[in-house]
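Here chain A shows up in two complexes: once beside chain B, once beside chain C.
Let's turn to the complex of A and B:
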């Protein structure tokens, strides 16, 4: 009887010091996090309730800035563009990634697999700004894309892809898909490598072909990896900034304007810090609202 | 065991509470800042003295003029050293308020000044203007940099100064012009129209103009057309935010319709909506098209790269001999209201306008007309150069009283928010001239109210 008591007392006496020592170790990180993440976050929420140009006097406007997001058709259009980008930034890379990963797994032993993996992952290594500049050359009116079209006699399809109202947003989407397909492939490939090979063996013994194998074994086993891929790419689409900024700067005529870019313009060229903050807060909430259900859906059912 | 979570949540609450406590006061400078706009004290002797001075400059990347001037200044006044930071104009525009408030330069390249003046960030230069006699110069040189207490530009105290003042118009490739039988600049707008058509018929690209991404370079031909159809004074009133001014006038509508006609006729390169400024310049210099709408800040550059093969003319009026107008603006530099060496910076600005070597540099390196008294020394420019043509055009504009500020400078956001997207839509055939002007005017009214 007495042993546990002394033990507990000893633990209780020791714990405060241990706990504070733990916080002490975490202090540098906590300070950084509080200064560069929490404080700006709180300030952004605070600014969003003001009409402020960043320098002079500020006026409390309550929820007016938020109301404007939904009533100003230009601001609302940016959010619609972000959702259109999800198709290119998320659906295309994940579907393509699944296909490519399954193919690479099939030839896993050959050197070609290693080469394919490297080539596909390369866009992740190249800085996005460089990728954006490279693509704006490829898609320009005298770029490779148009030269290829002309070479096969499709001259009437050639255009300045990033300067055309109808093609600018899809063109930006293609750049995003190119960047993200490698990431998705690698994630899915890693997931495939941990699937028990005996499952495939069993399926083959039961007479399943590669298509059946894919849908009955590979796909269900990759549930979590697909979840991660979709989450990461959806965030990249909704919070996109760099690719759009380099490729089109929101033009022509706002046809590629996305919330991230609009926030930047509002804050730094229109000097409406309050409005920019409100849109930023709305974007955070929007990302959470889209991503949390995806997380729930793809969470492993067995847990 | 209950200790852990409780303490953790206590700590979290504490952290959040401190964060909120720090954030609970309203952001920004809510003190009465009208003192900053008070009238400037008369300056009796603004010089750089004899002791060592380091002038802190914030200049625009890509233009050699300010650097050449500052080097020459140090040669003449060896006690003055420079600490220069450079950025692209777009970056300067975005940084201007913050830099002027937090890291005040003595001399800075400025975007449109009215909002900076409202926030009390710029030094009132009236004291220097009286001391140096700037108020005796042709008034039109300085009026764009005057801001009244109500925020209208055009009159009131002086808040900035130019290193020179630029002139815009149309540059053309002389060899290509000869191909279509153009031996001299067009005398009327109709003649210009027919030259464009001839160039098109000859299989040439008549005009390359930057209008892609965040740029709306069609504003150049548009404003030129506006002045051909209307009065530059009315356009200036709108730019200077005079009360009741509107851009949605019958003359503007005719001008925008004329621009639309040019677009529909295929006088512009097909890909203008993806052309940036550098692309336009490299194509024009590479002999890919006949005309560009641009300013004399390129004169020196073009004289070097297309020597003898480039000409310049002002937008022709509707009838031969009619009054001509052009966008003409000082290359604006200002002094932060918190600058440490304001006197020396003002002395430099006065030196730029009045010193003979400085005026030589303003023309030869900058390509534009120097600031200063009307009868001041003018450097000799070789005949037949485009620099000579742009300087001569400056004289025409002075005679016709046709200098206008740029419609993109009416408010801080009007270019990025309104002109650029609207003109890109017009170029793509997705906007009508009437709706374009109405939309710009609506944005303008909201922005002026703020």
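Let's turn to the complex of A and C:
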């Protein structure tokens, strides 16, 4: 499982004949990427310095929009919410995935594990929108979650989980955790299958228990897979949109408003293009600022 | 391998538990969809008289046939073009390695982490100025662009492993670069291309943000985008909403179950490379 950036391995054979012709091959991809990604990205940065309603004249406001992200408590809260979602989208699936994968390592080749591989992937395959609808119903006041609570005599805990100020954000987080836990488990399990079994044999002979085994062998060998799981899930948390849009629309109040959804509302219903763009730039930078260190931390071991 | 029986048993139980948690929401959705329209059924109860007609009603009400067709058109617009452009550029960056390929490739790599929300605002105005708003092109063209980083990185990872000797041999036989690409490298890249096709299909079919922003008419959206509109329309009628959600799940589930082995490998590799 080599990562794509293998520049150091690239051989330096030069063929002067076709030297520049390579760019002709890259041209369609470059054109599409430049037109529909790079140009809008540059424009996002440009818009972020203006106050503009999308129709009339725009006025230069410098860094005011950015200042507002940090001073307007409502806007800043969206970023805080995104980080709170990381706990559910990232920490829970990765930790749970590690625990489950380590426990089922011994039966990774059984028939049950083969079935599990298919089943655990289901949440990855369906549209997030469908996952949102499904869970809105499960977590509603008459849904399965409350029914289970009543069944075990915890009636007083029942509530409309997505409609309650205190529980709405964690409830959204649970939906994300459900979507991502299977992917993380299977990723980590695939990583574990590449660990030399003789390491475990040796550990057992030395009298190590499952816990010791996990911390001394499994965890260190999985550095790369953990890095990948964390990266994928952190991006899913910071850039979450579909689930929140369907499950809560940011409510109740603003208790589940995340940057992605706020950008959408600012740009397309409140017509504050400048503000939406500044938040978009902040989101892009935030993702990079979180993801790049994770990549560094988990990759340098292999180089 | 030394694994004692108790650990195996715990492992099996845990695995079953995780599968149950994964499956139960689907079952709840299914059971609820069978209740009479307009009722508020509770949790996981089997209805007294299952309303199989709900599926047909929803299919008609949401104009599902048209939606399926629309999603297919969008997939047909996005996936082949992305595969072709991705393969061409991946070949260039991974195998031809022309001057400046490192920088060029790096620019694509940086695009991997870009959240779609980051560019959606200017994209709206750009697509409007191109006169494409509310057409399927409004989803197709930007998606091809947005898929380029992943497609290029994915295909380059394949082409970088191809030995240079292979190309030398073909060149000695008189093949130009173009023939070299089509005759030698594309056939060898089929496994990488088919995995990429599966991933792109899934991401296009499930695309939501672009669909709701750039296309007003649900009939011209992707399945996922249409489901959003469907929720707005039927949000209060839980059995019908559940039936609609199930119907929209069926195509991806069917494709997944048919190609499941390839799917799982593709998705695992996909997250590693992405």
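The rule is simple: the second predicted complex is superposed on the first by the 284 of 303 C-alpha atoms of A that agree within 3 Å, B and C clash if a C-alpha of one lies under 4 Å from a C-alpha of the other, contacts with A are read in each partner's own complex, and residues count from 1 in each chain.
In this text, a contact is a pair of C-beta atoms (placed from the backbone, for glycine too) under 8 Å apart; a residue touches a chain by one contact, two chains touch by 3 or more.
Computed from a predicted model, the values in this text were never measured in an experiment.
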**Request:** Would you sort A:29 into first (chain B), second (chain C), both or neither based on which partner it touches?
**Result:** second
**Request:** With the two complexes superposed on chain A, say which partner A:160 touches: chain B (first), chain C (second), both, or neither.
**Result:** first
**Request:** Check whether chain B or chain C contacts more residues of chain A in the superposed model.
**Result:** C
**Prompt:** Is A:251 contacted by the first partner chain B, the second partner chain C, both or neither?
**Reply:** first
**Message:** Quick one: is A:287 in contact with chain B, with chain C, with both, or with neither? Answer first, second, both or neither.
**Reply:** second
**Asked** Should A:125 be classified as contacting the first partner (chain B), the second (chain C), both, or neither?
**Response** second
**Message:** Per the contact definition in the header, classify A:19: touching chain B only (first), chain C only (second), both, or neither.
**Reply:** both
**Item:** Touched partner set for A:220, first chain B, second chain C, both or neither
**Value:** neither
**Item:** Common ground on chain A, meaning residues reached by chain C in one complex and by chain B in the other
**Value:** 15, 19, 23, 30, 38-39, 43, 47, 54, 268, 273
**Message:** Give the list of chain A residues in touch with chain B in this complex.
**Reply:** 15, 19, 23, 30, 34, 38-39, 42-43, 46-47, 50-58, 60, 140-141, 159-165, 248-254, 265, 268-271, 273
**Prompt:** Mind pulling up the chain C residues that touch chain A in the complex?
**Reply:** 1-3, 7-8, 10-12, 14-16, 18-19, 21-26, 28-29, 32, 40-44, 84-86, 88-89, 91-93, 96-102, 104, 107-109, 111, 113-126, 141-142, 144-146, 148-149, 151-154, 156-157, 160, 164, 177, 181, 202, 205-206, 208-209, 212-213, 223-225, 227-228, 231, 238, 241-242, 245, 248-249, 252-253, 256-257, 260, 263-264, 267-269, 271-274
**Message:** Residue numbers of chain A touching chain C in their complex, please.
**Reply:** 1-7, 9-11, 13, 15, 18-26, 28-30, 32-33, 35-41, 43-44, 47, 54, 100, 103-107, 112-113, 115-131, 133-135, 137-138, 142-144, 146-148, 178, 181-183, 185-187, 190, 197, 200-201, 204, 210, 225, 228-229, 232, 235, 238-239, 241-242, 245-246, 259-260, 263-264, 267-268, 273, 276-277, 280-281, 283-284, 287-288, 291
**Message:** Considering only the defined contacts, which chain B positions touch chain A in the complex?
**Reply:** 3-4, 7, 11, 15-16, 19-20, 22-24, 26-30, 33, 93-94, 97-98, 101, 115, 118-121, 212-214, 270-275, 412-413, 416-417, 420-422, 424-425, 427-428, 430-431, 450
